[in-house]
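Below are two complexes that have subunit A in common, paired first with subunit B and then with subunit C.
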Partner chain A sequence: MRSSTRLAAGVVMLIGWLGSLVTASAEDQDTYREESAYGPIQEHIYKMDHEISIGWAYLPLDPYYKGYGAQLAYTIHFNPFIALELFRVGWSYNVDTELKTKIIDTAPEVSLAEFPAVVFFENTNLLFKLFYGKQSFTNRTVVHFEIFATLGAAFLFRNPYPIWEGDLDNARYEFGVNGGFGVRFWFNPTWSIRIDLRDTVTLLSLNQGVDDESWLDNSAMIGLSLAFNL
Partner chain B sequence: MGSQTVKSLVAVAILLVMGIDGSSEARRRKIISRPEIVETQDSKQNEPGAVSDIQGIGRGDTAVGPQIFDRGVELFYQNNHINAAAFLWAYMVGNPPGADRYEYAEFFFARCMEALGFTQAAMEYYFNVAKNRTSPELLPDALQSIENLSRRVPIDQEMIYMDLIYDSTFGYLSGELTDFVEYIKGWLDYRNGSIKWGQRHFSHIRPGSYYDYKAKYVQAVYELVKHNDEEALKSFEQILASDVEQTDVINASRQSIARLLFEQRKYEKAYEMYETIDAPIEKQASVFLEEAWTKYFQKDYRRSMGLLYALEAPAFYRYFNPEKFLIKALIYQNLCHYNVAKDAVAEFRDEYSEAIASIYDRLDLTHNSVILDAALQDPSIKELEQFQSRLVTELGRLDDFEKYWIQNRMLEHLKRIYELKRQQVDQAIRARIEPAVRKVAERLLEYEEQMNILEYEIGLSIYKRIKGAPSIATKEKQTIPYSDKRVYYEFDGEFWSDELHDLRFFIEDRCFGEERWE
Partner chain C sequence: MSPVTKGKSRYILALVVFLGWLEVCPAYAEQSGQDYGKVYAIQEKPFIMNHEISLSMAFLPLDAFYKYMVVSGHYTAHFDDFWAWEVVHLSWATLALDTGLKKELNDRWGITAMDTPRLEYFLDSNLMIKPLTGKMVLFDDWLINMESFVLVGLGAQRFESGAWYPAMDAGIGMRVFMSNTLSIRVEAREYVYMADSKVDSVLYFGASLCYNAFAGEQRLGERLEVGP
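Take a look at the complex of A and B:
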């Protein structure tokens, strides 16, 4: 037997043995242990039901432009652990970077149509609210927060030109998956502020330019929203 | 808390001496009697191993062969408990109780019921296996399952403890099962006042086992009932000194020791002992109340009040607790907050005025929701109530299995078991509710009287203060540092279980202050 295989087998056996020890010890301890029907928090005061959030969005990833926009979302919270963000729609105003300007200046054969930027986006995500906690601020105020992960589907509308110019010949309609993390801080049980970090990976792009081979695109978004619990 | 402790002891004593009434065996037999056969209906389900395969089996004119039993067992080992139960049921209704493998069918049927969460149905069939013993090799497994279930869920104690264990001689059993059986027999003997018999049963338990410590606990409580406090304390301390990890025995011993220390006015030690209790939070209501009294006598009013606020947590919503208003009023009075002290008295009246009026008017107290709910928390009824609630839940869940168990009237039979047992438990609760209601009524009247006296004393204190010359304030200034090794969280109504023991109520001592009562 090769040494690497022996090592792997040894590791597997060790893990198995440790696993059996952990299981056995847990079983022994649990045999007569009384269990509580209540979790660490008996009743959440800071909990969401139907959430409307509105805020800013920043799309920092593309080297040729940076997007500054607004977003609106509606989220249904089923329980303290899971929620469905039915939609998060946003519009982005894109500002060219120096790199894009330099390329266009130095390479006249490069067309502007080759720099499609995200103009509209829509996400539909599941929210997994993993942590809920509170912190004391200078022993005076208690701040409640939660940290959540998101996973779902995304739609992006990209266009190389600002939408008000009306040139949609090179527009792209992209579909992909979306994931990320977020954190929420409550001002009170009704109002809260949330920060979202998300990344969309495009899996399907319609109307894309034939000479563009890099269609598996990334689009990251940083959001800051004010949320209202209905 | 003198009266509180005495009451607790009385409650324990009542538990010990509480007899179990009725000759339940005949009643039980009626419930579990073999069903008449057998009307089949069309099955709509088409799963592998589905019960449609046994449609018509057991009709009475059809012999049910061992292959049905075998199929049931096979499905059981494939963890297909729903269909396994249907096959085993078909075998049971198609054969007389003395038939070959009949008891095995009952045993596996019980296992299926247990796996599916129908604990009472499981208990009924484990009972049959353990009581009849036509296949004695199944006895240890059946008893082991009964023992496991008895620790996890509320059970029919009358059926299992009285009819099965107390009335039976099982012959040789393994160590753990002997411990269980001897403990139950000994415990019942103690309850019935047959102490020597109880001691003899307890002497058969293996030293150092879980049931050995439970037996020691019973013996220690018996010493308490005899007012032999020192001896009881020693026994409880022995349990704590052991390496037993079973939290129920340990926590019960801790609370008993804390109560004894409290009675001996060793408040600090008593509080320390209370703080070591790590029972599930919903079982700690009495711990919080007793801690509040302990802190009150230590004159640590902030902690005492914090503990009273902890009792507002959702986990304690059913805890009958008129005492908290008394402690609250006493604390406010001691800190010269006379207005709010009077408010606490008013709060007590708001909460219980209707119940107290019912007592004075000699109405039927079981119709008063406050008194009835408090009576249902009485130790003599609480277990029955929990068992009844479990029965109702399991009965409701049976409908989820309708499409699987409609054949051979299996579902109907299971529903009948639950319904009859529910009625039986209802009757048992009714029989015990009257004295429990009376006890609650007496407690309420006692507290009302104490509140009246306290209100009078508060009035006197106000009068003295108004008449007296103002003196120099020597108030302790309360400040919360911006930064400290201790972190402060302002309470906002959200109850975190791990914080409940640490709540503190910020209140200033206004005694000897110069402000006048308004």
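Take a look at the complex of A and C:
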């Protein structure tokens, strides 16, 4: 009991100390704000409006596949802080992992139909653009960037076979929530690149064929896209 | 070519194309004749790092059998605003969360997974390059000084079998300065290690609280003019 009280007191003191540091730091920044002719940072030079992005996607979490794919997205930016990613659709080409190969080799009776992989995905997300900033690259070039968080809904289409084989008897249609974060770097007012990290947690799965509840039910995506501001 | 090697080749090809494209884009902007005005870099870097000691929490999400929570300690010597050496980065996989895959393999197909070594420790030493420095605002209100860095290094990974495997790693990260002596850094690293003539990799996401020992005085420097 005494040790837990001490621990609680220690945590409170630590939080207080960190809080005082942040406050002190903020006061220091205020001094900067007054001294600078431009204010703390210039107005957002690069404002997004209607954004089309196209890029590469990597789905690394499935123990039986690694997915390499392409994605396309359309995002409406309402203001510098909030945007709606109306859709982000992607297709994944799935490469078997060593584990899957071993399973097939060890147990020949295992059916390939038991390994559904994400083939298509769709996300609809709100973007919260938390940070906007600029960095100097070796004091030669100024790079503008923003950091954002995403939250929304997701749809996954899983199938054990490549889509061009046309076998959809064991397809799974999954619906879930999607969250993540990302960063954008601007090249100029029209073009930028963005990196996205997202995770989808499946809440509802409509299956055909094999019915098993023990499958891992989340899917992460790492994306790199080139964005065009219309 | 095995699927793993194929995947890595694609990854490297994509990286090369991306880097090439990064090189071309500024040239295009120059040729297009767009005038963005006279460019001023951000003020001189206000916080000077010296001897950095840090404690990290990290997450290793990619292993099929375990998701690791890791505690790390670093010591980094900063030579100047651009170069630093992370002399030692020692990580201990304190918690290995079973993903349930072993049970699944057993329940579904009666397969007992034997070859699932658990990571215990890893140790590495990295060159840190800090090419980007700047500041950002949270909701256009709070000003935050920060820098971005790249890490490249060598190390070794120890598994519960007792074996140490040589590894190399590369990563990117961002540091947010809270004061002259305290900062927070977040980073992602990819470790590639060689185990029994097989190449495997570990992805590392970490957040660190850093103490800057023997910190210099905070600079209140002038703006630096850059560009043509």
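The working rule: the second predicted complex is superposed on the first by the 181 of 230 C-alpha atoms of A that agree within 3 Å, B and C clash if a C-alpha of one lies under 4 Å from a C-alpha of the other, contacts with A are read in each partner's own complex, and residues count from 1 in each chain.
Everything below uses one rule, namely that a residue touches a chain if its C-beta (ideal position, glycine included) is under 8 Å from a C-beta of that chain, and two chains touch if they have at least 3 such contacts.
Everything quoted here is computed from the prediction, not taken from an experiment.
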Could you tell me if A:106 is touching subunit B, subunit C, both of them or neither one (first, second, both, neither)? second
Once the structures are superposed on A, label A:201 by its partner contacts, choosing first (subunit B), second (subunit C), both or neither. neither
Who touches more of subunit A, subunit B or subunit C? C
Under the stated touch criterion, which partner chain does A:46 make contact with: subunit B (first), subunit C (second), both, or neither? first
Would you check which partner chain A:60 touches, where first means subunit B only, second means subunit C only, and both and neither mean what they say? second
Answer with first, second, both or neither: which of subunit B and subunit C does A:126 touch in the superposed model? neither
Which partner does A:95 contact after superposing on A: first (subunit B), second (subunit C), both, neither? second
Quick check on the superposed pair: does A:136 touch subunit B, subunit C, both, or neither? Answer first, second, both or neither. both
Subunit B/subunit C common contact set on subunit A: 29, 32-33, 35-36, 38, 40-41, 134, 136, 138-142
In their complex, what parts of subunit A are in touch with subunit C? 18, 21-22, 24-26, 28-29, 32-33, 35-36, 38, 40-41, 56, 60-61, 63, 66, 68, 80-81, 95-99, 101, 103, 106-107, 110, 114, 130-143, 145, 147, 187-188, 191, 212, 214-216, 220, 224
Subunit A-touching residues of subunit B, taken from the complex the two chains share: 151, 210, 245-248, 251, 279-283, 313-315, 480-484, 487-490, 492-498
As the complex stands, subunit C meets subunit A at residues 2-4, 6-7, 10, 14, 18, 25-26, 29, 34, 36, 39-43, 46, 61-62, 64-65, 82, 99-101, 103-105, 107-111, 131-140, 142-148, 177-179, 182, 203, 218, 220, 223-224, 226-227
Residues of subunit A that touch subunit B when the two form their complex: 29, 31-46, 134, 136, 138-142
